[in-house]
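Structure, as C-alpha cells:
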Amino acid sequence: MSNEWLVLFFILGAIFVGLVPVFSGIVAPKSFNPQKNDPYECGVPTEGITWLQFNVGYYLFAILFLIFDVETVLVFPWAVVMKEVGMTAFVEIVIFFFILGLGLLYAWKKHALIWE
Amino acid sequence: MEEKVEIIATDEKQEFIVNMGPQHPSTHGVLRLVVSLQGETVKNIQPHIGYIHRGIEKMCESITYPQIIHLTDRMDYLSAHQNNESVCLLVEKALEVDIPDRIKVIRTIMSELSRLQSHQLFWATFGMDLGGQTCYFYGLRDREMILDIFEETTGGRMIVSYNCPGGLMYDIHPNFQKRVKDFIKYFRKKLPEYDTILTGNVIFRERTSGIGPLTLQDAISYGITGPSARASGLSCDVRKHEPYSAYDKVKFNEVLFSEGDTYHRYMARNDEMRQSMNTIEQLIDNIPEGPYAVKMKPVIKLPEGEYFQRVETARGELGLFVISDGNKNPYRVKFRSPNFVNLGVLNHLAKGFKIADLIAIAGSLDFVIPDMDR
Amino acid sequence: MRFDFIASYVSAFTGPWWKFLYDFSLLTTPVHEWLNGSVSPFWTTVIEMVVVGVVFLLFYAVVGLFLVYAERKVCAFIQNRLGPNRIGPYGIFQTIADLVKLLFKEIIPIKNADSLLFNIAPYIVIIVNFMALAAIPYANGLHAIDFNIGIFYILAVSSMSVVGVLLAGWSSNSKYSLIGAMRSGAQIVSYELSIGLALITIVILSGTMQLSEIVEAQRTGWFIFKGHIPAIIAFIIYVISSTAEINRGPFDMAEAESELTAGYHTEYSGIKFAFFYLAEYINMFIVASIAATMFLGGWMPFHIGNLEGFNMVMDFIPPFIWYIGKTFFIIWIIMLFKWTFPRLRIDQLLTLEWKYLLPINLVNILVMSFLVLKGWHF
Amino acid sequence: MDNKQLEDFIKSIDQDLEVRIGKQFTEVIVPPAKLYSLARQLRENEEAQFDFMFNLSGVDYGHDLGVVYHLRSTVHNHSIVLKTRTSDRENPQIDSLAGIWETANLHEREVYDLLGIRFTNHPDLRRLFLDSSWGFPLRKDYVDDINIVTK
Amino acid sequence: MRSIIEYLKEIFNGVLSLLRGMRVTAGYFFRPSEIVTQKYPNNRKDLVMFERFKGEVVMPHNESNEHKCTGCGICEINCPNGTIEVISKTIVTEDGKKKRAIDRHIYRLGMCTFCALCVKTCPSNALAFSQKFEHAVFDRASLIKQLNKPGSQLMKGVE
C-alpha cells in the first residue's frame, strides 16, 4: 500500500481523540466548586508561581543529543550499504566513531555528563 | 470574569516551592514538607506537622494510668506494644512492683515481634518509596503473619493494648509458641528474598549509598535515636544500656554502622530483623510458668514525684516523663517520641540532594506521623 | 469482470479455508482487485481506508485495553495477589468497565492552565501512536504501510511523543507536572540515541531498513541468533532503552508516583487521562513489536536447522500468533522490569545512558560490522 | 560520674545552684538567667560532656511555668536533669538552648506551641502543631468548652 | 586498562543483581499457588475470626434472657472516653429488699477504642467481645447500642 496512507492514520488518530472527549463532555456530569480547578499540590494552595525560570541542566545534554542524533541519522544509510561497500565502509566508520568517541570522552572528562 | 494574573515569572529571586504533603504518596501520612527547589535540587525543607495532633499529653492529664495505655497505642501505631510497655514499666517502677519472669519474657517476645513487623513495614514502604512497588506487597504479606499472632493473643492487630500495669491483659494463646516458631521458620526463608530484591539490587545501591549522610556528631546533636542513629555509629540502644523486661537475659547484638547514609540506615533495620528473630528464638521455648498479671490495686496512684522511663521502640528511644502529684491522674505526661525528634534532622540531611533523594532520606528515617503529632 | 473476480477468488481458496492465516495477501489481494474492478479507483481507496481504519481502531482499543488488564494481572501475580477478578470471568472486563467509568467522568479544567496546549497534548500522544502502528508488520502480508525506510520512520514518529508529554507537563500549571515534563524531556531525548544505535546494529546485519524485508531475511534464523553476541547485546540495550523511552518503570521518572504523585499527567482527568494511560500501553506494544520484528524474527516461526518435523510443527502455527507471542513475551519482560526494580534517579538515568549504553553501543556497532564483513554470522 | 559526683560537680560550677538527688537523676534547679551558661558548660566540660539532650518538656506548675531538660552524655553515660521555672505567666521567657543542642529546636517549638513559653534567641520560633487561634492548651488554666469534655 | 576491566565488571555485577531480582519476581509469577489474597466478601460465610478478636462489646445473654450485669458501673468508670453509660434503676427483689439493677447499658460503638478495660474489670464477667467486624452503618445513631436486651433479667446467683 502506498505511503499516502499515512494521512489516514493521522486523520484516524485525530478523529478518535477528537470525538471521544466530545462524547465524554456530553455524558459526563458537571459541577462547580472553586477549589476543584486548582492545580494539585497535595491539598494546599500553590505557593508562588509555577512558570518561573529554573535551571534544569538541560543545555549540555541537548547539545550532546544533537551531535549523537545527527550521527545516528548519518549511520543509518551507512548501515544499509555496509555489506556491499565492504572494508572501506568499515574503516570509514571506525574513523568516524573514533572522532565521536573522543568527543564523548571529552564531555565525560569535563563532567558534562552529570545532571545538576 | 477571572482577573488576569501574572503567571510567568522572570524574576530570578522567585523560589520554586513545592508542597509535598499533606496528601502525598510518600510522606506516609499527613506530613507536609514545603520544599524549595533549585532545578531538581533541594535547597530548603520546612516540615509542617500537626495535622493529626490529638493532644494526647493533655488527654493523659485527665485519665488514669491504665487508661493511658489505650492512647499510647495510637501514637506510634507500629510500635504499639513498646509504647504500652513504657507506661507499664513506669508505673511498676514507681510502685516498686515485682514482676514475675513470665510476664517479662512474654513482653520481650511481643515487643520484638512488634519491632519485626515494624521493620517489615519499613522495608515494604521504603521499597515503594524508591519505586519498587512489589516490595510493599512482599513486606505486608510477611507482616500479616505477625499480625495474626498478635490478633490471636491480644485481639487486636495493630492496636494491641496487651500490657497493663502489673502484667498483661490476658495470658498468651495456646497456639502462640507454635505460631511464632512457624513464623520464624517461614521468615528465615523469606528474608534472603528481601535482600535479593532490594538490598543487592544495583539500582537500590546507587539510589541509597552516600545519600543523606549523617555524622556521629550531628546524630548526637540532633538527638537521633534508634536504627537511624545506630547507622551513624551512635550506640543508643536502650535494650543494652538500660535493660528492661527480659533484655538482660538474652544475647543480641546492637547493630552499629559508621557511615550513616541512607543505605546503612536501611541496613541497620534489615539487620535488626535478624537480631529480633534471634532474640525471639532464645525466649520462645523457655517461657517460665507463672501468673500473667500481678494483682494491682484497683485505683493506681503513683507517689508524688517525677518519673522517667525509656524503652526502645522500633524507631528509637521513647521517653516517658511523668510528673505525679499523688492522684490517680498524672499531673503532666510528656512523650519523648522518637519520630518527632528524628524529624528535626530532615532538613539537615536532604539539603543539596535531589527530590528523589529527599524521598529516600525521609523513607529511611521511617516516620510514623501520629507519633510526631501525638 | 465479475467472472474474473470469482476466478481469482476460487484460485485463492483452493486450499483449506484458513490458508489466508498463513499469507494475508491471499485475502487482501482478491478483495482489492474485486473492488478495483467494481468501482472507480478513488472509491476503492476510500472503501479500503474505511475498512482499514475501523480495523485499526478496533485493534488499537483492544490491544490497549487488553494490555492494561494484562499489566494488572501480571503485577498481581508477581505480588502474590489475584488482581482484577470481579467483572467477567477472571475479571477480563475490568478494563472495559474502567473505560466506561472514565468516559463518564467530568473533565476538569485547570485554573490558569494553558488550555490550548493542555488540550492538544493528548492528541499528539495518540496520533503519534497511531502513525507508528501503521508501519508494523503483523503477519505475512498483514502490513498497513510497507516503507522502504520503515524502521527509521517508526523511530522518527515515536520520538514525537515526547512533545505531547512536554506539553502536558508544561501547560498544566502544576509544579509536579512541570518537573515531570522536564525530566521526561531529558530522558526521552537521551534514550532515543540508544534505541537508534541498537537498531543500527541489526540494520547492518540485514542490509535494509524495510521491515518486511527484515522479517523475510530472518526466515533462515532470527537475527538474535544470526548475529549472536553483538545482536544479544543490542537486544538487551534495546529493551532497556525502549523501557526508558516509553516512560515505564524503573525509568518512570516523568510519573514517579512516590515523588511527583503522577508527574506530567497529574492534572488530567476523565477520558483525557485515559488517553495518556492508553498511549503508554500502546507505546509499550509498539516498542515490543519492533523488538520482536528486529530481533526475534517478527512473524517468522522458530526453526532449528534441519529438524524437518519440528520445523513443520512450528510452521503450522500461524504467523500472527508467532508475532503476538513474541511481542507479548517482550511486554512481559518489560512488565517484570517495572514490578521488580526500584526507580532510578534522574541523574543516574542519564549516567546510565551516556556512560554505559552509548559507549557500549558504539563499540557494539563496530563489532557487528566487523562480523558482517568477515561473514562470521550464521 | 554517679549522682553524688554530679552533685559535687555542679556545686563546683556554681555554689548557689540547688541540686537534688532524685529517684533516678540528679536534678539541678536553675534560674532562667543562669540556664544558658550552665548548659554551655555542661555541654563543653570534658568531664561532663552532656552532648545528648534526650528530652525537653515544658511543665505548668500551677503558678509557675517551667522547662525540664534531660541530658545524657554519650561518652560518660551519665544523665542529669536541669529544671528551670519562671513565674511570669503573661510573657514567660527562657533562653533557647537550640544553639547547643540542635534537637532543642523542635522541642522548644513544641513547648512554645503548647505552653506559650517564649525561647529567646530561638532561630525559628513558630507554632508547631496548632495555628495562632488556639491558646496554650497544656496550661492548667486552659479552657475549651467545646473540645474538652470532663466527666 | 584496569579501569576498563572495572567498568566491565561493574556492568556485569549490576546486570547480575538485576537478573537475580527478576528471578524472584518471575518465580512468584509462575507460582500462583502462593497467592495470599482472600476473596473477602465471597468468603464471608467461612471467615472465622480469632476467639479473642475485639469486635465490639456485647453482653452475653443465656436462653432465658438473663445476663450477669449488676449495674455496678465499674465499666463506666474504667472506660477512658465515655463509651459506656450505665443507667440503673432500683428494683424490689422477691424477698422485699431494694436493690440496684440495670435499666439500660448504653454502648457507643463509634467512640469505642477497644482497650478492653471494661471487659477486664467487670466483676461479674457480664461483658465480652464479639467477633463481629463489619461495623459500617449508614446512620451514626445506630452505632449507639443498648447491650442488655429488653426484658432481660439478672442471672441467678450473680451479685
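Points worth noting:
Labels for the chains are A, B, C, D and E, by order of writing; each one numbers its residues from 1.
Here is the rule we go by: a contact is a pair of C-beta atoms (placed from the backbone, for glycine too) under 8 Å apart; a residue touches a chain by one contact, two chains touch by 3 or more.
Fair warning: this is a prediction, and the values are worked out from it, not measured in the lab.
The fewest steps needed to get from chain A to chain D, moving only between touching chains, is 2.
Counted as hops between touching chains, the shortest connection from chain D to chain E is 2.
Of all the chains, the one whose CA centre sits at the greatest distance from that of chain A is D. When chain centres are taken as C-alpha averages, the shortest distance to the whole-protein C-alpha average belongs to B. Of all chain pairs, the one linked by the most C-beta contacts is A-C. The distance from the centre of chain A to the centre of chain B, with each centre set as the mean of the Cα atoms, comes to 44 Å.
If each chain is reduced to the centroid of its CA atoms, chain A and chain E end up 55 Å from each other. Each chain gets a centre from the mean of its Cα atoms; for chain B and chain D, those two points are 25 Å apart.
Within chain A, the positions touching two or more other chains are listed as 41-42, 46, 50-51, 56, 115.
Multi-chain contact residues, meaning those touching two or more other chains, occur in chain E at positions 15, 18, 21, 24-25, 36. In chain C, the residues touching two or more other chains are 78-81, 112, 173, 175-176, 261, 339-341, 346-347. Of all possible chain pairs, those that touch are A-B, A-C, B-C, B-D, B-E, C-E.
Within the complex, the chain B residues that touch chain C are 5, 7, 16-18, 24-26, 37, 40, 127-138, 141, 197-198, 201, 203-204, 206-207, 354-357, 359.
Of all residues in chain C, only 75, 78-81, 112, 173, 175-176, 179, 183, 249-250, 252, 256-261, 339-348 touch chain B in the complex they form.
Against chain B, the residues of chain D that register as touching in their complex are 22-25, 27, 51-55, 57, 59-60, 68, 70, 74, 77, 81, 101-103, 105-107, 110, 114, 128-130, 137-138, 148, 150. Of all residues in chain B, those touching chain D in their complex are 49-50, 53, 55, 57-58, 62, 218, 220-223, 225, 234-236, 241, 305-308, 310, 317, 319, 321, 323, 332, 334, 336, 340-341, 343-345, 348, 373. By the touch rule above, chain A contacts chain C in their complex via residues 1-3, 5-6, 8-10, 12-14, 16-18, 20-21, 23-25, 27-31, 36-42, 46, 50-51, 56, 58, 61-62, 64-65, 68-69, 72, 75-76, 79-84, 86-87, 89-90, 93-94, 97, 100-101, 104, 107-108, 113-115.
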